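Take a look at these structures.
Consider the two complexes below, in which chain A is the common component and chain B and chain C are the respective partners.
Coming up: the complex of A and B.
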């Protein structure tokens, strides 16, 4: 096999992995800080994709439409996420994990229907600006030029989250809240507010990922249910609540899938589930995770 | 006195019978429609429903079936899931008392629903789901298929591919098929058939993206690295759109001939601006193939009038045809009694938008055509159509009856 094609396959896996990271990082962040297992996360990601389409269609005559629509979609989805947190999620902080799953699954179904009511069942397609309609050649391998943007966004989110958690005051508060919410609360820091903003940040990233995804293929109903399973695989492999784990998990899933397509196409998805199951057995908290809080 | 009492009784009975007669005459025909309005089948199901609605409106305008049984539609969403499909169809039969069910986009759902309809003696019309197994094996006299089945489509496509392969000197190909009932059965038939009609062709790799795949990039680069002479695709609905969109930025269609994909009028319309021209595509019932049939022109006119100038897709055409096939079955039976309609439909030749077509007695499969053409712009339409259209008739594409008999015997063993 020529190097160019292996490189091309690697880049496909990298992009796929980073797309998964964008979806899974919000999921993992919300779980890590708030202990909320949000099954509706991917549906909010899908809402982000649809919102991006709406913004794009309002400006489609302009070449910049897509680039402006993506951040707008992220902001609008974050606003929706904020409402969800204040109205609903706030009430299930102390519920058992299985109850949270059931409630957020119900939310996913309701939001799915909401999407159908607002945008209809027809597939929505964004026409990319002409600058990213042609392939880019790296080491002779054809790469979808939009994927460079996807990779940059993925890296930016990873670095941004790391920097936020490591170097900012609010990041330190969030990390402290993970370990001892009582102590943080005793210091006069309002935990519910922190939770609201963490949830909103997680959904902002989901909306951003949805916006990015909207220019990769058509935006269709049901996409969320496909990706949520893979996002869960990512966080199980990497470890719930671990940013590094989520990144590594995403890249493992992306690359394993990509190269399996080349060498063992029948087993591509199976391999990912085998890895997930193996991690669950050998290291139940994932590669970089820590045991669940009581 | 006795005479008066007798007269009163006769009068009273006449009135009662008269009312009963009227009630019977006005009995609506309950038609169930169980389609995947959510899930992967949404796009096609919505179009199909519109076709059904136009047919029902037209027939009800004339008083309904036999001009006295107005059609009453009971609609349910199967979510394109077999378990939900079974539940909803049972609901339609037991609660809404439907006499016939049009179902589904997904062949997996149609296959799951078939035994339910047989058990409750309810007509089952698979209008757009086209796995051959719906009618080939586990035969049900209640199930009818008005779409060219997977075998017929595969045959039609291989006929076209063989011609091209000979002309262009192709030797190796990759298959790319959605990993579910329809994708698997279609791919299997294509490969088998190509072996017969173009024995010089070899399969280099078989790829099976899952139904609803959102990330095709790895498949795209993988195919390009294999450098096949062409790709034969059996991707369904949204997957088709997603693949096309994701393959285009790689310059895929300039490098690898891509044939066999299904491009119904739905895709031709929704991807009008983006669909690569020159694709060799297969279709099930494009309206522009039969504008010489008055029933088709009438349907297109009524459909466009009802849906703001929108052109009907293949799925709308087949939904419309399903209702009209049922109508002609009812007319031949002279009653809406399901058993009699079922018997009347067996082997019946019906007038549809696609011409005069017969239900093959052995399997209740409509002997309809498949269509292969090249995606090209046409000034008459605001979207590309399939030009250089080849209509492959049922006689050239359907499975021989002896093979169906053999398959059913094998099933019994």
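Coming up: the complex of A and C.
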């Protein structure tokens, strides 16, 4: 009993952690390459969730509705992110830190209200296809069968990003841009173009995560505000721009949150901030981060 | 140096604003008196924030934490212990200062974006403590019934009370920014390394400044509770920490009065827009984007650029 209980708690922590990873990896990628901290990242994630709901409700009658809606939501969110980049973010590459922060902060405010205007204040709930309605028993512990899917997606994105950064030409450019933008640009690679696509990729992952999230529970306004703060904690713990760090950071935050909520529900969030602050004090660049240019 | 002419240049604007603020309640309706009260309180908040931002050159995205600590100190003392408001104000400054001292100790080790993130994380820490600690702070219900004394109960008397406190606060802040300490802060902002090399303990100066800023944020928060008759944990949230950032940027962070001017514009807009739409975040977001893209130096930046008149520039050491 005790073991199965802890195991199912561990699995829900893992799911939550990987969901955080999906949000935080895009955030970290964008920050690492473009040096822009995207406050609106989780709001775009929530837009992805709502878009997924809309696609799903169009195809409601079919069993495959959810599985088609998730990639569609990711693409639609990425398109939206691309527009944001071209229209807005492009103008603030060379601006000062506070101006960049204010712009993305403003984007978060605007998109939050846009969601309210488009989808209204009522909670949205996706009815899961029958295949993932029943729990799955693993080592005798009941696990939400959709969690398996979430975990698979999280792992797939982690592996995919790792492969992209390690083995593809564009991945190498992105990695190089984290260390020295000037050098990359001196090699004749158009930095603005790279920026646009990195941003779009980050938002694509956020949209995918939103789509996945939409079937975990109901989609509600204001969900983004909790997750953005936790995603910040994740990238701070793991180190900006480090994929490995983001993954480890997400799992730490997910598991800590999942177990803390059992034993000390009121203090779960506080505990995460305490851990974050402690790590930032000991290692200002995070567990796996390297000192970035100022 | 300070002949009559520059004295006039330096003080005509604040003096004029003060006179306008004195006369206003006779001309406008009670609703707008409320709005102006809010302007004063948030203006003090933004000016205190600007000590860290405009003068020290570090962006704090968690200053609402100290504002909230001040507001809750006054709220708790008045609701639970029935302290008089006057006694609460200094105590709020002290508690906010202690909060800023403990959290700032860690923040001042970092610079730039890391400073911004850590201040924000600590701000959220304070927010969640207040949010979750039902038995003490009332959690998300907040604290109700923070009533100012009888003679301050109406809008206009409380407005004059705020005006007095805020004016005193602003004068103290002005003296701090014009003191050798204030100029050391500018030196830290303009060239941290060099300041360190001439033998100044940069971290200690930054910490002291962070605490002073926190104390005045706390004072502004302390005024807010009795003004609004209640406090809620939202006062500490990171969205609320964004307000002084925007006000300072809008007014011009390199002028002492910039944040106050920013507060006038922002709060006015808020009162005006919320009159006919619930989508205030949408409107404010658009205004923020326009301001950042079109007038990066804020109102005072534009005025200086056009050379209409020259209020003394509090920001730039180089220009003096």
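Following the convention adopted for this analysis, the second predicted complex is superposed on the first by the 292 of 294 C-alpha atoms of A that agree within 3 Å, B and C clash if a C-alpha of one lies under 4 Å from a C-alpha of the other, contacts with A are read in each partner's own complex, and residues count from 1 in each chain.
Note that a residue touches a chain if its C-beta (ideal position, glycine included) is under 8 Å from a C-beta of that chain, and two chains touch if they have at least 3 such contacts.
What you see is a predicted model, and the numbers here were worked out from it, not measured in a lab.
In the superposed model, A:266 lies in contact with both chain B and chain C. When the two complexes are overlaid on their common chain A, residue A:218 makes contact with chain B while staying clear of chain C. In the superposed three-chain model, the partner touching more residues of chain A is B, compared with the other of chain B and chain C.
Once chain A of one complex is fitted onto chain A of the other, the partner contacts of A:112 extend to both chain B and chain C. When both complexes are overlaid on chain A, the residue A:151 reaches neither chain B nor chain C. Looking at the shared chain after the overlay, A:132 reaches chain B, while chain C stays out of its contact range. Contacts of A:232 after superposition: chain C is touched, whereas chain B is not reached. Common to the chain B-facing and chain C-facing surfaces of chain A are residues 112-113, 116, 225, 266, 269. Taken in their complex, chain C has these residues touching chain A: 53, 59, 61, 106, 109-114, 116-118, 120-122, 124-125, 128-129, 132-133, 238-239, 242, 245-246, 249, 279, 281-282, 284-286, 288-289, 292-293, 296. Put simply, chain A touches chain C in their complex at residues 35, 37, 88, 91-92, 95, 97-99, 101-103, 105-110, 112-114, 116-117, 225, 229, 232-233, 236, 266-267, 269-270, 273-274, 276-277, 280-281, 284, 294.
Those residues of chain B that touch chain A in the complex are listed here as 37-40, 42-43, 45-46, 205-208, 210, 212-222, 224-225, 238, 241-243, 245-246, 248-251, 270-271, 273-274. Touching chain B in their complex are the following residues of chain A: 1-2, 5-6, 8-9, 11-13, 15-16, 19, 112-113, 116, 121-123, 125, 127-128, 132-135, 141-147, 213, 216-218, 220-223, 225-227, 257-258, 261-262, 265-266, 269.
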